[in-house]
Amino acid sequence: MSAFLSYLLNGLAVGCAIALIASGLVTIHRVTGVVNFAQGTFAVVAGLCTSSLLGLGFPHGLSELAAVLAAAVAGLLTGLAAIGKRGTTPLASLIVTLGVGVLAYAVEIVLWGDQPRSAPGLAGSVTVAGAHIQTQHLLVIGVTAATFVLLALFFGRTYLGKALTACASNPYAARVVGIDVRRMGLLAFALGGLLGGIAGVLVTPLRPISFDTDVTLIVNGFAAAVFGALTRPVIALFGALLLGVAETMAAGYGYGSHQLEVALGLMIIVMIVQAGRRSAISEETV
Amino acid sequence: MTRFVRPAALLLVAAVTLVLPATLDDSALAVYILLGLAAIVTAGVSLLMGYAGQVSLGQGAFYAIGAYTAALLSLGGVPPLVGLLAAPVAAAVFALVIGTPLLRLRGHHLAFATLAMQLILLSLAGQLEFTGGDIGLQAIPQFSLGSFEASGAAAYAYMTWAGLAVVMLITHNVISSRPGRALRALATSETAAASSGIPVGRYKLVVFALSATFAGLAGGIYCFYTGYVAPGSFPVLISIQYIVMAVVGGLGTIWGAVVGATAITLLVQGLDRLASLPGMPTYAPSVLSYAVYALVLIVVVLFMPRGLVPALSRRPDRRPRR
Amino acid sequence: MIEVQDLVVSYGTATALDHLTLTVGEGEMVALLGPNGAGKSTLANTLAGIIAPASGTVRIGGRLALIPEGRQLFPDLSVADNLALGGWRSGLRDPSSVYELLPRLAELAGRRAGVLSGGEQQMVAFGRAMMSRPEVLVVDELSLGLAPGVTADLAAHLAELNRSQGLAVLLIEQNARLAFELCSRAYVLESGRLVTEGACAELADDPRVAAAYLGGAVT
């Protein structure tokens, strides 16, 4: 029982990181129609930044904050490449973000080398119902919950958030009322960078991160986002938690070597089932 | 005019191709062979993107299937020629099996699904016993045909470029056939193609399988040439590399794959030389090649999209952006 | 308020507007008639700055708002949010002035715009346009798909705003009766070119216009 509980919380923490990546993907996709392949890169950038800043002696809090902001800047730059030029189609933008991800490899190796790096997080653990739970796991869950609440408030309550939703809801109408849809797209990319950055900062103390960790992150994030058809953040959140718990349970109970296959296979099946429900015509507009 | 120029150019290219292996040293031959193999795979990617309007981020998986198939068969005592021929067949069969459900996906969904497919296969190859795990398969016998044994690199160079010639011939026939012209329509608008009576699903599957066949063939040659295959030989980046080459060369053209593979291979090789000069940091080669792939890909997609047009202009005006 | 001179707009090789010249004076209500595909909505989008002209000049002498064809609301957002976003350019966020003008919108404020009836949606689109405090309003197909009573109600509001606030209006319509009732002048656009223009009273007597736009088939 205690093993189950600690696997569960561990899994939820992993799922939270995936959820943050997925929410970044969803945010960008809703506003711009682009699937951002560089979403995992933002987490890597933030994770590596944190480890460097902490290594340089900057205090906790400041280091993480600066790292998240660096990721937001990376998001903005990615957006400029992906949608900055008029007439770039979403699929061309996807390939551009793929290029940005590879370019980031070059930059990251120059700055941080090609070996995995870690960063100290919250030390210690608490015992709940006989299960040892790392404090960092609780921190990840808490921060993710807070981030999702803030995100919901931002989109649901603020004028800027509503303008972003408006761009997703009807881009033509957004232009009619004078909203610069491209600038909103860039904002969405920056926000996606921010969310990816939070994921990276939270996850680096749990598992070391290196320049090519982004593939695992983006694939898991995309898998979760696909649950919500790339447009619904809340369903993506549940998808991510399910994925995180399923992977951790599989690992915990001895099927760990196949957790990636299970997650990816699940993603493909979900996509195919969803595709079956849509007609060819409506899909062609996706 | 072009009636004389084109055959003349073809002859010239063929002559150069034939003479080169005899004049190159082993390290240059290695580049020459890898270039040819990349061109074979890229021809399939180019066909898939240009003629089915789909992006595959998992073409390296078919390359790997071809390599593992040929390696396993040869290690099992099967004549190398059978192993080599089985490589494209295995890749094609796999593509037909997974393509049936997978090709219901489009655009970024298919891109991610193919990427996932490659990750799954690599992960499996790294864990299963009969594929040799992470270490892979070693001591693959030299390719031989009767009493002839391909022991030098030059022999593999001829094999590779003969394979490329076959692939280009097939591509040429596909493009100029009636279904080929119908496929071109498919890349621009699937709905329009479907409503004009083109069996969209079947054609897409055929192109998908054909692109896998090419990759499988290249994989088969690769395993005999290196004598060794492992999951590490087929990273995700290799699939991205084929996309870069296809995009650079121009999609859905017969020569695009060769031009793209040549341009990128030579560029990366040149930078590799530069990066391994004394005084350069040890990470320089990988950094430079990542940077080249990335910048070339971004610049070509954004500023020279002519080759990309068929694959990427499919999206109708639901989100008009100007 | 609107001064369009020699305007050419094209989509690729197709020319949508071919050397169009047109004016709307201060406080004036002007109609633009024409069949489907004449280029009316292209003009509306060009005036709103959504489409860039290929050549010619467009001068707008004050704040312009567009009520686009097909309402084009934000279906996922509430009526209140739709209105608030209408104030993106003007900085006006509080829709109470629009609620005074169109009290029905205050009742609908919390509803999702996507679930409203056509008439209610057109009213939201009207209110949203008014949120930008326009001095000139371009209305693209006010009456399309609406019951006559609803159209008359909205038309009355337009006329009232024109009278009391001097709001200039370019009314793009297929319904010539409505246009002639509201406006003093009209232009007739066909295949991207102006075919005729003049005072509504005279145009109504023009046999060509009468046949094309006032015939029994046209509602």
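Think of it as A, B and C in the order they're written, each chain with its own count starting at 1.
The rule is short, and it goes like this: a residue touches a chain if its C-beta (ideal position, glycine included) is under 8 Å from a C-beta of that chain, and two chains touch if they have at least 3 such contacts.
The structure presented is a predicted model; accordingly, all values stated were derived computationally and were not measured.
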Innermost chain, where centres are averages of C-alpha coordinates: A
Interface with more contacting C-beta pairs, comparing A-C to A-B: A-B
Most distant chain from chain B by Cα centroid: C
Intercentroid distance (Cα basis), chain C paired with chain B, Å: 55
Euclidean distance of C-alpha centroids - chain A vs chain C, Å: 43
Centroid distance [mean C-alpha coordinates] between chain B and chain A, Å: 31
Shared-contact residues (touching 2 or more other chains) in chain C: 50
Two or more partner chains touched - positions in chain A: 172
Residue list for chain B, restricted to those that touch at least two other chains: 322
In the complex, chain C residues that touch chain A: 48, 50, 66, 68, 72-77, 81, 84-86, 88-89, 93, 128, 132
Contact set on chain A toward chain C in their complex: 159, 162-163, 165-166, 168-170, 172-179
Footprint of chain A on chain B - complex, ascending: 55, 57, 101-102, 104-109, 111-113, 115-117, 119-120, 123-124, 127, 189-191, 194, 236-237, 240, 243, 247, 283, 286-288, 290-291, 293-295, 297-298, 301-302, 305, 308, 311-316, 318-322
For the chain A and chain B complex, residues of the former touching the latter: 33, 35, 81, 85-92, 94-96, 98-103, 105-106, 109-110, 113-114, 171-172, 181-182, 215, 219, 222-223, 226, 257-258, 260-261, 264-265, 267-268, 271-272, 275-276, 280-281, 283-286
